[in-house]
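As structure tokens, here come the structures.
Consider the two complexes below, in which subunit A is the common component and subunit B and subunit C are the respective partners.
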Partner chain A sequence: MHIAEGVLDVSTLLAAAGCTAFGLSIGLRRLTPQTLPTAALFAAVFFVVGTIHIPIGVGSVHLILNGLIGLLLGWLAFPVIFVALALQALLFSFGGFTSLGANTLLMALPAVIAGLSLRPLLQEPSSRTKLLIVGAAAATIGILGATLLAAVMLWSTGGAALSSLIKLFVAAQAPVWLIESIVTALTVGMLGRARPTAFTLGN
Partner chain B sequence: MFRLFLIIALLLPQLTYAHGLNLSLTDGSDAITGDVTFADGAPLSGASVSLQQAPGGSAAIEPAVTRTDAEGRYAFPAPRRAGEYRVIAEDGLGHRTEIVFVVRGDHRKLDATPTPSAWSRWLIGLGCLVVLFGVTAWWLSRRDRTRIETS
Partner chain C sequence: MSHVHFPDGRLRLAATLLVSVAAALTQSLASLFAMLFVALLAVVVIAATDKVLLKNIGRRMLRVNGFLIIVWLTSSINWRELIIDETGIRLATQMSLRVNLVTLAASSLLLRMSALDLSRAVVGLGLPAALGALLAQVSRQVSLLSETKTRLERAMRARAYRPVLGFRTIQVSAQMVAWLIIHALAKSERISLGLRSRGMTTRWFPRESTAWRALSKADWSILGAVIVIIGLCLWLPTMEIQL
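Let's look at the complex of A and B:
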């Protein structure tokens, strides 16, 4: 899920870049020697999974894992996703540098929302079922939020003229949502049991 | 000479890799043809493919746009004017790849610059992350040490 260069108008790009700068400033303040290894690991994970094509659905579909990143890193999702997206733009022609702020915002903001809303549920020992549900919910917030933000940005730029692109975005994310829900649920289920403190970084 | 170029071009279709997208370009006598596929070889149908002048190039042409068929193939009439052109493939979801070729006089020449493979780009990206976070870790530890010393 990337918005290419030249699609959004300047005012939308600037507004998104401003919001991303705000998110980055909060996220960077939470970067400590304790949070850094996890942040680095998930920047690498985000960078790689975004470049692997999944042969289902419409167009070129890849995992995002922003819900999982939000659960594990909170506000740190902004710098982590920003760095990974910059490298994707540089090395794989993903999105682009003028749309870097918009792409960071549409993937990192739902991650932060997922983290802020669901992390309190993981502060005490939880059953495996609860962990799986929270993981699936994080993926849902991440994917639906990103799709919604992308649709809003596209609509603010082109309105009805970009409705076909908006529909393509929504259709393409349906299989991603399903796979991410399973992956995130299983990861949270495993991590929640093995290391419950993993969900307190970046608070 | 032109036939020699043509044979070499047909024998050596070039591939570029970006975001798991491959764009091939084969130079024919009357047409530029190729296909757009995913890294696993699956064809990307319905992708937008455009033929246009390369940035700063001297080939004055109107950009031509087409879409790949069910097998990911595309075709353009071969440009006749000398200059530098590029073929750009986009899937409409923010992913694109391109390839540049040059037309000189009465023959075309595919750009010989090799594009790094997806594997090497992954390694470069991961290397950049290691350096970036390594430097950040060094800076954070240095900052914390300074704070402890001053307090």
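Let's look at the complex of A and C:
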């Protein structure tokens, strides 16, 4: 879910970059030389899972997993997502450097919201059902939040002229949300059983 | 200095950002057309010596233009009344020029720049050292995790697994994500132990870049050329060229 470089206008880009800078400043306060290896590995995971595609008809959707990143890292999601997106911009021209602030904001803000609201539920041993529900809720917050933010950014750039594009974009996220919810729920379920301490990082 | 490190990464990144900002700021189609023409010319000159690069840039252009086709289809026509939307066409034209310009400029200016060069460049341009350190570490871990993922996929194929739309594929994808995260956690614990045993301190070591004053004129020339070209292109509309 990248907004390509050159799509958003300057005021939207600046506002998004300002919000991202604020989120980054909080996230970087939690990044120490001790937490760096873990944060770097999670950024790498976020980068690599973006290449997992699930076929749908003639096309496919790729995993985003920003909700899961929020559950695992909390505020550290901002620097981690920023860095993963910067690498994607450099290596594949996904997004771009001036739209990096906007793309980071639309993925990291819902991730942090998912983390702040759902991480407390995972601080003690949980049943499998609870893990699955928390996972699905994290994905829902992650994808719906990102979709909403992207729609707001596109609307603030093009207004009514982009309304059809925005409707199409929102509709296209429905299968992504469904698949992402199931994948995140199952992943949280597996992690909760195999590594329950995984959800205490970045506390 | 090798060709990979010339011109200086900070100047290349600054030039790329400058093109992106200029493209975002200008509303003039003439300026955008002119900048796109120069960027296209630069890519043709660079790609003439490198066929692989041409293929790489071609793939990027195809992807961004695929998105632009959707923009044109949805914003240039009012589908309810089946009439042409003038505002939508102007917006789609500006967007198409900007997206293509920035993709071409970034592809040529950041040519052969590695993630480590990028981490040094962002810190050199004033971003926090912690972010540079994270970027450098991530670039190292991405290749290792990609290898792990490739190994997993090969093992899955050996067991006759084929991804199709269905619960089984989603379940297997979730298992792969969980395995990658567990692998990353185990690895990060090993790295932390290794760093602690080597007496790691709690402060950041900034990644050193060449001093600004020590950069050669040839290094600065790339940024200078970009500034002059942007200036000329932005000046074009004042010459009353109508597009």
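Note that in this section the second predicted complex is superposed on the first by the 189 of 203 C-alpha atoms of A that agree within 3 Å, B and C clash if a C-alpha of one lies under 4 Å from a C-alpha of the other, contacts with A are read in each partner's own complex, and residues count from 1 in each chain.
Following the convention adopted for this analysis, a contact is a pair of C-beta atoms (placed from the backbone, for glycine too) under 8 Å apart; a residue touches a chain by one contact, two chains touch by 3 or more.
Computed from a predicted structure; not experimentally measured.
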item	value
Simultaneous placement of subunit C and subunit B on subunit A, clash or fit	clash
Which superposed partner A:D9 touches (first subunit B, second subunit C, both, neither)	second
Touching partner for A:L144 - first (subunit B), second (subunit C), both, neither	neither
Which of subunit B and subunit C A:A21 touches, first, second, both or neither	neither
First (subunit B), second (subunit C), both or neither touched by A:G95	first
Touched partner set for A:I133, first subunit B, second subunit C, both or neither	neither
Contacts of A:N103 with subunit B and subunit C, given as first, second, both or neither	first
Which of subunit B and subunit C A:V170 touches, first, second, both or neither	neither
Which superposed partner A:L121 touches (first subunit B, second subunit C, both, neither)	neither
Partner, of subunit C and subunit B, that touches more residues belonging to subunit A	C
Partner chain in contact with A:M1 - subunit B first, subunit C second, else both or neither	first
Overlapping segment of subunit B (options 3-11, 75-83 or 129-137) - the one that collides with subunit C in the superposed model	129-137
Overlap of subunit C and subunit B interfaces on subunit A (superposed complexes)	4, 7, 31-33, 36, 39-40, 43-44, 47-48, 51-53, 55, 83-84, 87, 91-93, 96, 165, 168
Residue ranges of subunit B in contact with subunit A within the complex	18-21, 38-40, 42, 44, 46, 90-98, 118, 121-122, 124-126, 128-130, 132-133, 136-137, 140-141, 144
Residues on subunit A engaged by subunit C in the complex (per definition of touch)	4-10, 13, 24, 28, 31-34, 36-45, 47-49, 51-57, 63, 65, 68, 72, 79-80, 82-84, 86-87, 89-93, 96-98, 158, 161-162, 164-165, 168, 179, 182-187, 190-191, 194-195, 198
Sites on subunit C touched by subunit A in the complex	13, 16-17, 20-21, 23-25, 60, 63-64, 67, 70-71, 74-75, 79, 85, 87-88, 91, 95, 97-103, 106-107, 110, 113, 115, 118, 122, 128, 130-131, 133-135, 137-142, 144-146, 149, 163-165, 167, 169-171, 173-178, 180-182, 184-185, 187-188, 191-192, 195, 200-204
Subunit B contact footprint on subunit A (complex, rising order)	1-4, 7, 31-33, 36, 39-40, 43-44, 47-48, 51-53, 55, 59-60, 62, 83-84, 87-88, 91-96, 99, 103, 165, 168-169, 172
